[in-house]
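Would you mind keeping the following structure in view while I ask a few things?
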């Protein structure tokens, strides 16, 4: 059945498999439904976290990320992933090493110690961009896979930073007011809404969540207020780390600032899973810190 | 060199401290280091403030990315690296996207953080991530509650990563050891206790 | 010609120190001593400034004393001082084309400042190469050609109008070619001008009338340059008169329609059913398919927009006996002969929507400065009432964003300073303060560049009037979807604090860029451009109106951003420069003509299609077919000479033996 | 492979209107580049007879640079097109006589591209240094 499917090595990262396993399950199932096979990338590690490792020593960041790319090179496959942070590490390091001989030689010197070599034969993709790309899936095919349209749900889109920025190196175009994820959401029958300062950061990146959580949460809180201002049923994103910040962050915001939001937060793959008819249990939505129930009531 | 005043009263001495910028206090190598690590021509900054204006951290703190660029240009290494604001960048890259000089202030900040780490200046959470990855390959490792949830979903308890294939861990440790990262992390964390 | 050989070459070498420009790097003494050892060199001398009178006298004296046959000056670049030293050579009694220059400054001492030894050795080679050529140089006589006593100005903005008026008033018949249906250009779109606050139309309209009435000016509006041939003194310019659909009274008379032709009454536009946005009002006001831009157009003739016209014929009917409307009109080509040309091609506004962060075209209440000019102008679409496009309300808080797309190295915007945005934004601030009680203008700037006469004083005045200046570039603009108010985000870099300012209207001082047609037009005239697309002047300091194409001059913004006074000043300069050859009546062309060495010519004719100017032809001579050059057509590129398989073409001043001698002198001569 | 005393001898034949002006501009801007190239000025690259270049190689030149205007910018409309065609053919001739065709380079530098002229100079010298002395050198004397 999957003979004609696109095949990718599936890079899991940390938070998706270890905190929101529903994203992992959803990604595999929903992708299969639109013609993408995600194969296990055995022995992959943390991407590693771009904020933490990039801040400590960029050389380690390059080498560790390169190791993950090499695993895919050895499989002879491109990488697909579901997390913006992973995208920043894996895509960017892959890109940099392909275009900077000095950097690549330095990394390969280290990788030699573990009998690996970065060759530059693999490409890296975020699943969301593959869904949008008509050469792979495309909005039309995505819409055709929907069995249970999310009609009536108003969804705010959070793009996250590390997927599209810095735009000078990336290929996504306008980062001030992009609309392609809105198209992905609309394909599922939901109504994407526009809100103030859509492209603002979730606040968690760069190690700030660990360094000064109140600071990070204040940014998250501002963003949630902007979203609620226009009336929404859920937030969707394509980054488990942003999800963690918006989802668990709401609990922390309540603890720290006494502000209550109660906005359900769903990874796009979870949203896609629901639209394709997966049950909340198949998506482990009960693991979310903020109950998804109100959103489910709206669409089921 | 700053004027030495030798006021006995420490509070007064701090209050009346010489705050002038003295050229000999600056390190001309600092901007070069920042540019080499950050791979951006930071000395071309013309201080327009687009970066700070774009920054989600600036409105809620004293963090001014423009000032860090300025300090880099002037070689004020000590001041830049010891400023705790350095760690408030969420790396959202809005400044990099909008910089009219085509610079990457975010990467300049990352470079300064790298340089700070060389002086053992680094928040503890960063080092804890290093330790976790050294141990398990993951910055956010699996736990029992999650294993149970995975099982319920029909997934294997351990994901197809270093969790399921721990034989890959020595390679990862080798890379980290190459840069003596674990060693330094352990040491700095221990000293901070 | 080849047979005019030098009997015995006697060359003088003169080395210039150019102060320390050359002597600071190159060991002049060593080069001089070396020069004395080069074959044919009979004298070598040096001087601090060879281009000075004593320096030039040295050359003239040496020619006489030493009976020189050739002169070499090693100094700056021939592109700067070749004419100077040719004159000195002539003063010494030698044919000026027996001079050769060795470039040891621009292409040596300046580019090898830290390698004095290598630079000195390179200078020795350069002198040796020059001597080799000078030894083979021959007497040449420049060809004088008569200059057509007419000029052409391309572009009918204020610069083009001024140039045309100056030329015309100097007694020269001038064609003024404008692509739009009216002259006036950008300046006619402006409301007031800084720093005097003159009404732009008020000072422009008299000039437009002058142009229209001037007997020496032939005004060709709605006309574009199609092709250019010829050279200084003798340009043949083919023009495309675009089908206007309306005829002038003069044209009507020519057609035998008594008392006919367009009088500008506007009856046709009244009945025309097709409505289009008026580009003059930047689309903020309508016009018909038969239209004029605005009431003060010159000439006052209507124009049919054939892309929009449905040919219903109502206009023809309404025009009646004047029979001015001709809906079957076709483009016409005409060729005119002119002696010199002034290009005044103007500028366009950079499409600022490409800078996504400011939301132009996305947010209703973000407008450009040019749109502001139309909105604040009494004859504009709102009668001079500045309103918010979203709701028509009068704005009370207005933000001006300076350097919007200028001083931008991202590759999206423009790296240069657009030069007049600071000043017009100050003017805009003044205008709203004057018109709207209680308004506060906020000017977001990086530097206020008020460099002109009375400009800084103007800045002082506007600050005094209450404009608020915020030193910081605008990071982004966000729209409040409910009120359509705008939140301007920036850092007040002087306060060191981020600013989120809620305003009613944002005016972007968008960068400017060369007008769309500039690239096509400059190629027709063979004019170079700099990397940013502005036309390249012959010398940035000493010849800012000239170009590398003799007889073609530049005026106004097409050469680089400038305000109205600078544009007019340059236009007067260009007109003056363009009038000189015409008043002299003839120009000397450098005698770099191709010559056929008939004894070697096989008459194969392969050179003939090589010539871009059709200067070559095969002729019968003494029973043989040989090539013949029409000197008046030859421009001296030498492409034929580079191609002739028999080596039968003698390129004067760049002859094959001369070039081979240079190659040999470098590679085989000197210290091996 | 090169002996220590060897300095490349490179000749540049450049057009008056674009490349020569660009080279002057590089000087005005004090852009520094290696001093191994000697320039000969012609009015247009169209003037350049392929024999000039062969003569230069025969004389022992290690490299030859031909530089003119960008296509469409030629002061004489199309001289640079013709030169480019000739250089293209000449390169195949060079290959046939056993010379590395990288020793002949054609570039397009406009009057406003001073910085580009500097980088062309640097790059040409680098290329020739990598190639070493011309094998024809020993026959040159």
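Going in written order, the chains are labelled A, B, C and D, and every chain counts its residues from 1.
Rule of thumb we're sticking to: contacts are C-beta pairs under 8 Å (C-beta built on N, C-alpha and C of every residue); 3 or more make two chains touch, one makes a residue touch a chain.
Model, not experiment: these values are computed from the prediction.
Counted by C-beta pairs in contact, the busier of B-C and A-B is A-B.
Rounded to whole angstrom units, the spacing between the C-alpha centres of subunit A and subunit C is 52. Subunit A and subunit B have Cα centroids separated by 23 Å. Within subunit A, residues 168, 175 each touch two or more of the remaining chains.
Subunit D has no residue in contact with two or more other chains.
Multi-chain contact residues of subunit B, defined as those touching 2 or more other chains: 94, 102. Across the assembly, chains come into contact as A-B, A-C, B-C, C-D. Residue ranges of subunit C in contact with subunit A, taken from their complex: 356-357, 359, 362, 410, 476, 478, 480-481.
Contacts from subunit A toward subunit C in the complex involve residues 168, 174-177, 194, 196-197, 230. Listing the residues of subunit C that touch subunit D in their complex gives 77-80, 103, 105-108, 110-115, 118-119, 121-122, 125-126, 129, 523, 526, 528-531, 536, 548-549, 592, 610, 612-613, 635-639, 641-644, 647, 651, 654, 656, 659-660, 662-664, 666-668, 672. Within the complex formed with subunit A, the residues of subunit B that make contact are 37, 56-57, 60-61, 87-94, 96-97, 102, 104, 106, 110-111, 113-114, 117, 122-123, 125-130, 133, 137-143, 146, 149-150, 152-155, 159-165, 167-168, 170-172, 174-176, 178-179, 181. On the side of subunit A, the complex with subunit B involves touching residues 10, 12, 14-15, 17-19, 21-22, 24-25, 40-46, 48-60, 63-64, 67, 110-111, 113-114, 116, 161-162, 165-168, 175, 199-201, 203-208, 210-212, 215-216, 218-219, 281-282, 284, 287.
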